Amino acid sequence: METIEVRLRGLGLALPAAPQMPPGVRLPFPWVRVVGCRALISGHGPTLADGSLARPLGKVGAEVSLDQAREAARLTGLAILGSLARELGTLERVACWTRVFGMVNSAPGFNRQPAVINGFSELILDVFGPERGAHARSAVGMAGLPFDIPVEIEGEVELHPA
Amino acid sequence: METIEVRLRGLGLALPAAPQMPPGVRLPFPWVRVVGCRALISGHGPTLADGSLARPLGKVGAEVSLDQAREAARLTGLAILGSLARELGTLERVACWTRVFGMVNSAPGFNRQPAVINGFSELILDVFGPERGAHARSAVGMAGLPFDIPVEIEGEVELHPA
Amino acid sequence: METIEVRLRGLGLALPAAPQMPPGVRLPFPWVRVVGCRALISGHGPTLADGSLARPLGKVGAEVSLDQAREAARLTGLAILGSLARELGTLERVACWTRVFGMVNSAPGFNRQPAVINGFSELILDVFGPERGAHARSAVGMAGLPFDIPVEIEGEVELHPA
């Protein structure tokens, strides 16, 4: 069976370093919380390879275009995979995806949140396949997000026993 | 014991067809994701009997009145029951409700989100009764929702073993 | 082992009475829903000792300052601990925290939601310690919240078997 790591390489994907917050920001919680066979994933934003926040920042439908937001959702997915890999040791422990909550920093009138969060869902399906990667999902519009990130995603995966 | 299907008929309720999205919209996720004894429910909006989006669309407190929004929440509940019935084969597999997250597309100044989402909660309690239907709940205001639907609800139920 | 009740007293903290809603408001759901070894926590707002809504109300970044909002998040934490204690009989049944979803009623341009919700996270860590109190978290901006409360928090804890 092809491993997730092999699949990531085959797709030309590299996982970024741990999220780096702007100076002075204290986030007193882990990026992933494992409880039994569940891994709860904290809200992540889009990051670059070094873990710093990806640009552009701002509201989707104003400062950030739909295409830029879809790419931000994809980067958010890579950031989450990085956090899962660091917490679990290996992504092979992910038995399947369960729940994804996709939040889009939305300018007035913007209503294409699903098209944005598809950038995340398509990444997960590419990496984990249609069964293991399937997830319940919401994609909704927020009035604001930390640091003006355009997308924030939280969720949950089911784990194989350690 | 009265079955849920009998109860639905007694209340004069029929479940709608699967949600139909506007042309060109791709939603790469299932409406319900079953993992062990949990069914995770994707964000649903209000639909008509044929699964098309119910009207009116827009923000509650502006284009959509409180009464219309409460009815939208009730229709969202029927859409969710339809998705659960299709995924599970029968609603009898629902052991109990656990979590409901009710999102209201809110005009500036609108703060009666609980009264809106009561349209959902009352339906669930009518159909499942006070014990099996009880659920933890939030009812909150969003800056935007897909297709300008006035209400979107996601949640979770606990299942009897298959 | 120091009990949670002793820890609360040591910190000078008292849990408030059950949340009291304004006249005419019907909330047809429990504040906490226990299912197996999980307790799902409904969205709570900040309350005073008698369970009434704490002031100030309004949007953070406009009518409510960052410091007031952080205090509101702390009060929301006390309200949640009160609900858990009433439902479970004792907070000792909380094996650990799992998920926290922190919602901030955000004025346009406000983007410091994490600093607000830190008021909640720091309380939980003070009371439960760094292992048992650790939680996956999101802190995000809402377009509106019930009764114009500045902060609403929902979440989940894992329980010891009864």
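Every chain is named by a letter (A, B and C) in the order it is written, and numbering of its residues begins at 1.
Here, a residue touches a chain if its C-beta (ideal position, glycine included) is under 8 Å from a C-beta of that chain, and two chains touch if they have at least 3 such contacts.
Please read these numbers as outputs of a predicted model, since none were measured by experiment.
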Copies chain A and chain C - rotation angle from C-alpha fit, nearest 5 degrees: 120
Interface numbering overlap (same over half, different under half) for chain B and chain C: different
Chain B-chain C separation of Cα centroids, rounded to whole Å: 25
Shared interface positions of chain C, touching two or more other chains: 101, 141-143
Sites on chain B touched by chain A in the complex: 25-33, 35-36, 38, 40-43, 101, 103, 141-148, 152, 154
Chain A residues touching chain B - in the complex, by the definition given at the top: 96-101, 104, 106, 108-115, 118, 121-122, 125, 134-143, 158
